[in-house]
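Just dropping this structure here.
Chain lettering (A, B and C) follows the sequence in which the chains are written, and residue indices restart at 1 in each chain.
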Amino acid sequence: MPLSLTEESYLSVSLSQRPPCRPDGRDQLQFRPIDAAAGILPTTNGSARIRLDDGGECIVGVKAEVIAVSRPDDVHVEVDCDIVGLLPSSPLQNLLCSTLETAIKNSLPSRLLRITTKYRYKIFVDGIILDHVSHPLTLFSMTTYLALLDTRLPRLAPDSIGGNDNDKDEIGIPQFSSDWADSDRLCMSWSPPLVQLAIIVGKNVFVDATGEEAEVSDGGLLTVWHDGRVVGLRVVKTRDSSKQVFSINSISNAVEVLASASRDIEKALKEIRTS
Amino acid sequence: MPRDLTPSTIENTFVLKALTERTRLDSRSFNQLRDLDISFSSTDYGVVDVKLGRTRVIARISAEITQPYADRPYDGLFIISTEISPMAAPTFEAGRKSEDELVISRIIEKSIRRSGALDTEALCIISGEKCWAIRADVHFLDHDGGLMDAACIAVSAGLLHFRRPDITIVGVGSRREVILHPITERVPVPLAVLHVPICVTFSFFDVRKASAAIAGLPGKDNMKEADDDDVEEENDSSTTVLVDATLQEELLRHGYMSVTANTNREICQIQKGGDMPVEVGKLLSCAEAAIMVAEKVTKLINKRLKEDEARRNVGNLLVEARAENDR
Amino acid sequence: MASRIEIYSPEGLRIDGRRWNEVRHFRCAINTHPVSSDGSSVIEQGNTKVICNVIGPAEPTLRSRVISDRVSISVKLVVAPFSMIERRKRPQNDSRIQEMCSSIQHMFEDAVIAHLFPRSQIDVNLYIVAQDGGVLQACINATTLALIDAGVPMYDYVCACTAGMLDREVLLDLNRIEESAMPFLTMATIGGTRKVSLLQLEMTVQFDRLEPMMAAAMSGCHHIRDLMDSEVRKHGKSRLERGSF
């Protein structure tokens, strides 16, 4: 439902004053509680579900397929998501999928997907966003992160591997170990990228904005966080009439805020996986 | 978007009142099919014109040689196309699939293709390289109820009537070639039809709901109805079953079930969407009735096929020239 | 592939160790998504898992959906690409999905007391996140529970179950491997009665075999009704004790 003029002006004044005052009393850097679970779907290689306090919910399943490749260094990853209530290939869906796909492709070392010289794993990340009130990008990214942490890829069957590495490359179609416990975690040495979105209102920056807060924002900024640093940056439209004109100060401020938020979230998600 | 025609209340009441008095508007009995007329084209093979009362459907079977699917090298292709044009009734829109059309095409697909009425393995010419693609185009010309029943009869009869050109394979190994003999040169070959599926649609009317409507109290005793269920369960006399409903009856019915059966006493497909709940015994007797109808219709198709063959077989030439022998 | 697996052993055990008349592990929960919907449920039947959200009865978003004397129900079904062993993305206008949607819609238009909510709409959203046979039955059961959770008055539970026929043996509640090996039907009954709301058979079966299949499916439906009923009662009781509605 669109905000009334009064609501809009109240929100934009309270959010742009210093220090800002959010309608739910949160700190600029504070997230709402989330409910997260990993490894919920036995038919996938890795899966996760995250539900936000406002009812937004996302389920992500990761599946791996074996493909024959000609160029050995390519990373084959496909990210797709279904946003309920929106038509396929809507701008929002394209933003979500392309951002995450690029982020994963750029950070995932190709050796992790190697089976033999000829065969590689192709990773499919599929998400369903059951409901969203606020911008679903952060939600989708967090769920994908958790699902990738949960992802396991089967090892080759012990009897199909010879003594040395050359033999391993000789075999034709790879035979996999049928024991699911005998599998490798995808994220042993790699940590997936995390995409976070912040909205900018005047000089202030907020993480985990509610739908109403996004309605009065000047625009949004997303950062791609990987391995302890920010590796990507992009300006995002958060509402139809957003100005998307920011001062350099607020951008650098936003990057700083997002970096520290990403660090905390990464830690929290890793704890969920291990617990 | 053209909307479904809604029958007027007065029409509704009249038809339902008549049903409670065990009368249909066209004076048929409840389990009687409308007049069925099947005629074949005098020139082409596989062109069938089916008239079921005022419903009219034409099916045309055609064949061409193509490449089989990579995952099924020994199977030929069989495609049924059932697009309903506004010619049948103004409620159908060209190019836009309505829900009715979806149901009709799914039922015909399940009745004929998935039940294996046509042996697709017999359509294979050279495995993985060449096979026959049989295509059934169904054209709905006039819609007065029972579209799927008529379409199913039309496709089944068309498959039985159709003859594909004879072929010869010459050469060996990778240099094999297929020679196609035009039907003017050699007697064409019939398709391997394994059974003749016939679809029958049963329409259900809830007389209690009807009597409520007649009394001008729509749905008033619905609550009571739920309580009565336990008592009347065994002797569920409130459900009226009609075979082969007209369009008017189709628009007014509370539920339907279509059953596809053949003369081997097999049920190929049952589709009862989620409308009006019906007692299980009644559904079983419907399935049995479907077999009876299938037998009757198959008999008529065979009779018409014989007549058609007799007409074509001038001077007994076809029998003499036929390649296969009677087994 | 199925021919290499023994579907039903001479000792009367199926591939997952069940007897012929046993349903798979049935787990259900209601009010699972209290914030985002008016009624919600999650159903697991064996390895098939379906989430259902119900929104409404509410004012119709489109004028064309207004029906003057009863509620209009619309069903949306999303099949997750990762729900099967092989990843497969289905388009939204897949005819099988559309057929399921329209069956479920018609079924519940008759099952809910529709004339109590004229000029309003109920949206049913179903998400199939894992499938291992019996997808339609799981969707129907999930919708029933979610509608109950939403407080929509219904005449009775609508409960669904499948039954298959292997040679002369009836098997109840098939999984995916069994579904591909034999003809089977899906049946939905109105509560514990003998009234059948939905019946679908997709493969050829002898007429004489139909009756035992239907009888088995019906007993399965009644069993599932009891399981769902006990869950609803348990949930209601715990809510009463908490004093929250």
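Descriptive notes on the structure:
In the analysis below, a contact is a pair of C-beta atoms (placed from the backbone, for glycine too) under 8 Å apart; a residue touches a chain by one contact, two chains touch by 3 or more.
The shown structure was predicted, so the numbers you read here are calculated from the model rather than taken from an experiment.
Among the remaining chains, those touching chain A as well as chain B are C.
When chain centres are set by their Cα atoms, the one at the greatest distance from chain C is A. Centrality by Cα centroid goes to chain C.
Distance between chain A and chain B, defined via averaged C-alpha coordinates, is recorded as 51 Å. Centre-to-centre separation between chain A and chain C, using Cα means, comes to 32 Å.
Chain centres here are Cα means. That of chain B falls 28 Å from that of chain C.
Within the complex, the chain B residues that touch chain C are 99, 102-103, 105-106, 110, 114-116, 218-219, 222-223, 226, 229-230, 233, 236, 255, 257, 261, 265-281, 283-284, 287-288, 291.
Per the touch definition, chain C reaches chain B in the complex via residues 69, 95-96, 98-99, 102-111, 113-115, 155-156, 158, 185, 188-190, 193-208, 210-211, 214, 218.
Across the complex, chain C is touched by residues 41-44, 47, 51, 53-57, 59, 61-63, 65, 80, 82, 84, 88, 124, 126, 128, 130-131, 133 of chain A. Chain C contributes residues 33, 35-37, 47, 49, 51, 53, 76, 78, 80-85, 87, 89, 91-92, 125, 127, 129-132 to its touches with chain A in the complex.
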